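Two complexes follow with chain A in common, the first pairing it with chain B and the second with chain C.
Coming up: the complex of A and B.
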């Protein structure tokens, strides 16, 4: 199979960007009664990324200082520590994933809601606001 | 006009593909290498915007394989095309390598050539070998496509956007976008007599009937394009074109009349369909699909009469996937990271430590700690607890040295031993402890060595064999200390600590010392011997810190209230050992985190005693990210109190003074032998014997105004 002029030759290794597929899931934790962020990352050959590679992805904002985070509410930055990154199986798919342990989620979200002083948490609007705050907390740790 | 360069497929494998293959091999295939029907899928080509450069990057033209590929009942997700394929799993790497790949490829190509179903043009082949012990999967995909000479070319103007050329209006495109069977890989588009666009999936017999009485300019053949490159259509187009040509007059074997003159070169209006939905109206990029005129500059070799057409030899096919480096070679997926239990344990331990850094202390240098090689002299109570805490810090190389065997009283206080280890005389402690560490965490490199450390005050018998053995033991100890970064003195006697203290000082290794009394303990680090930083004659910061033996003579400022703890002591409060051992490891880590390491200064006295929280001098360089790095910690369990103490090096110390080190460096074992055998040798060497005389003389020289008592010595 030499020199097929009709096939686009693959770029050389140097110029080819490595493709990493990241699957992200939001799963409801029945135990903690909050949404939980799960993700897994794999390369095009089907091998999963180890911890070192995941750090290199910059998906996780582990190195950003809490007091440099600007959230859309423009209120005093919340000093939230980096959430507890754990490994475990996806609750429904059963596949190995990384996830942020939900034990501190409720506290973190409440802090934001408290800062806003949003009192109307009833009904669907309230839940939507809660989710907005949840995404805000999540984006301080993950580059969404 | 330019030759079309089709974008080849690249395989995109999900980990579940390997999991399912593994299960299949174990449960069903076992040793069979029969072909297994599977499916793959591809979707519309995508681009992403690079956040940093703002450029659009085309994602690969991917054929996806996952665990669902083995599930015949699996339905495709919306906007994706399911393709059929075959998997052949070999049982050994040799079979994989030596398999007749050309034969397998050609068999598939033959199948494609003789099929009447255009979608069969997407069929693929995957050869695999699964090394289940190492969790490595070798694989090679092939996507056969027929080669025609001359090559397909694209008309003037290349590929144009479907909405920009004037061939299609907005309504036409919406019609196409909302067609039935949106997952059909190929479909035909025509503009009917009334000017409306109509589509139909390209299935066997749809072509060329769909275009009967339709002028050429209103005929379009469309395909879902996995490529997102602007001038390179995806791989499926190759076999689609082949199909179209072979089913166009005069190349069909049922052509009405055999061609007597040269047939017209084939030409098709091709739509590379790349839109999953109608594009949004506000500021979006619009329709992504492309339109191009694809043709051959001259008639292909497909026979001129119907008889010839029947007999035409299949065109050549190509399509083995290249490896990551662009070579014609299989690929390897290493799934050890998620399946090998040892690597999983490794990763979990690593994650745990990293969390400490991410959550609390970003400046912590974990790698500095984990690559430190530790030598533990003594595998008893202190040794066992020290080893455990070292593993907690992620340290990977731990060597234990001990001369005794596990006895019945040990397991309750020495957490690496169990009852069984005591039986039949007892296992050698060092080796037993090392083995137990490996059982706790396979990723550790733990070694155990049974060796007796020679000591001063315990003369070596004048037997040549014994002297030689002692010499070898000393050489072994010297080599061990040389190979490691940190030495822990965890023995149960004072004098056994002398030799490693001296060797450690001579080699400038970090020595951590822990000693237990009944309810008191001492944990200390020996001072560094880096020539440039400190010396015995220096003052203040420039003064070397002392070792275990320096403190014999130089009493710390408030030692009067201490009980002596340096006696040989085997009876201690059980909790003490773990407190002291853990403190020793934490002191080591604090020292390692200090920029000066072994030469880290002790905290100033006002900080050490807690009298102030910031130093008099204002210089905080004594701190590491983990806090202060004491020289000595003395603990008193009865009072639940720790004292942070500093002891300067003593110029006449038998363990670490320059005199002793120089003598050791120049005379080696000869000097050591004298130290072991002659009780007065070290005192004479260092001049300690004259100390008493000097002290007496100093007393005489002083003019005492009033009676006082000196009890320094």
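Coming up: the complex of A and C.
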């Protein structure tokens, strides 16, 4: 979408060009037994990006999330004591990453599968459909 | 309503809570501002196992400010960039309990006579390696991480996080306050609402809500008494005990740990470790009917350190979950290699 960009209010990002590397991981959560999305973002000098800068990158889709409190270390829905997104160790690499808390993932995916009438799945085909639904849920929160 | 906790359980919880580890904090003298008293190199703390590094910062700050730094530097000093490193060079994670950091250090650097030597950690005052440590290491992030661990433990046990999320906000905050103030009674008054109690003589009469990935307990040891209290809180009724294995040099291992195995046997530490680490722990004589791995050791090559104690291998995982877990609900098993 090229278009009338001058009519939009400018994002509050520093105007000098910079390269930001975003590492994205899908890791199986041993606790919640669902795939979980982890990511980390850093600049070319190695420094990691805080949540404020990440928000400015528009990686995360703010409009689809429930009303949330955002501070330097988490995004927490107002209605909940637990965060949507916060920092954690990557389960195998051990490095610090941001991750979406997966406790609601299963419910969200089931809702989608129910919508499209795919409740009775089996085998690899079923797993692929489950992952498809999972990606749908994820892409409502992240610009993949 | 939580069934009343057996005395023995409370005793073990008290012992774990009161456990401390000796820490020597050395300040990187290269980073001390000019005008500091450099003769005071080290500061010793006896830190509770259930505490966290950000909570110890306050004590260290007092020492630094009162005794080491001159007034001008003290005014300018910010703790935001402080970070800790073990003497061997390992970065110390802010959000791991101090007891875990200590035990892991112990298995990675065993002392010949297995004494509890002070754990020497180096305090850096600047340039934290943010690619390897969680940044924003504040008490708030520590609290959030702690609550997250509690929630995960809850989920593993019961398949939902209702016990933790069902606590009133003041109780949730109260748990963390109990850690900060290091007050056993305040902490456990709330924690006993969500933590399981061991009651192996009263296995559940109805099967647990089963998930496709967990074995549904089929045959059980016969009970000679009716189940007392409610099954809701029985450590032997959980889906899985929250356990993590820490190798001296490797990633953290987490797997499902049902309290009973498919053949009805209680899941012991021996059975668990010989399944997870078959090259280090020999199979138990009563292990399930699987062919013996020719590579399995004839005797154990390693030991399990839990809350600083070399755990007897016939401990039951469910019991460990109720009595030897950390404040965050997790049983942290550090594996040390025998000489």
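Everything below uses one rule, namely that the second predicted complex is superposed on the first by the 106 of 144 C-alpha atoms of A that agree within 3 Å, B and C clash if a C-alpha of one lies under 4 Å from a C-alpha of the other, contacts with A are read in each partner's own complex, and residues count from 1 in each chain.
Assume a residue touches a chain if its C-beta (ideal position, glycine included) is under 8 Å from a C-beta of that chain, and two chains touch if they have at least 3 such contacts.
These numbers were taken from a predicted model, which means no experiment stands behind them.
By the touch criterion defined above, A:21 reaches chain B but does not reach chain C. By the touch criterion defined above, A:35 lies against neither chain B nor chain C after alignment on the C-alpha atoms of chain A.
Counting residues of chain A touched by each partner, chain B versus chain C, the larger count belongs to B.
By the touch criterion stated above, A:48 is placed in contact with chain B and with chain C alike.
When the shared chain is aligned, chain B and chain C each come close enough to touch A:96.
In the superposed model, A:85 makes contact with chain B only, not with chain C. Counting contacts as defined above, chain A residues 42, 46-48, 50, 81-82, 86-87, 95-96 meet chain B in one complex and chain C in the other.
For chain A in complex with chain B, the touching residues are 1, 4-10, 12-13, 17, 19, 21, 40, 42-51, 55, 62-63, 65, 81-82, 84-87, 95-96.
Chain C makes touch with chain A in their complex at residues 93, 130-136, 138, 140-141, 144-145, 147-148, 151-152, 155-156, 161, 165, 169, 172, 211, 213, 242, 251-252, 254-256. Residues 30-33, 42, 46-48, 50, 72-74, 81-83, 86-89, 91-92, 94-96, 101, 103 of chain A touch chain C in their complex. Touching chain A in their complex are the following residues of chain B: 3-8, 10-18, 57, 59-60, 62, 65, 137, 139, 147, 151-152, 229, 232, 238, 318, 320, 322, 324-326, 328, 331-335, 337-338, 347-348, 350-351, 354-355, 358-360, 362.
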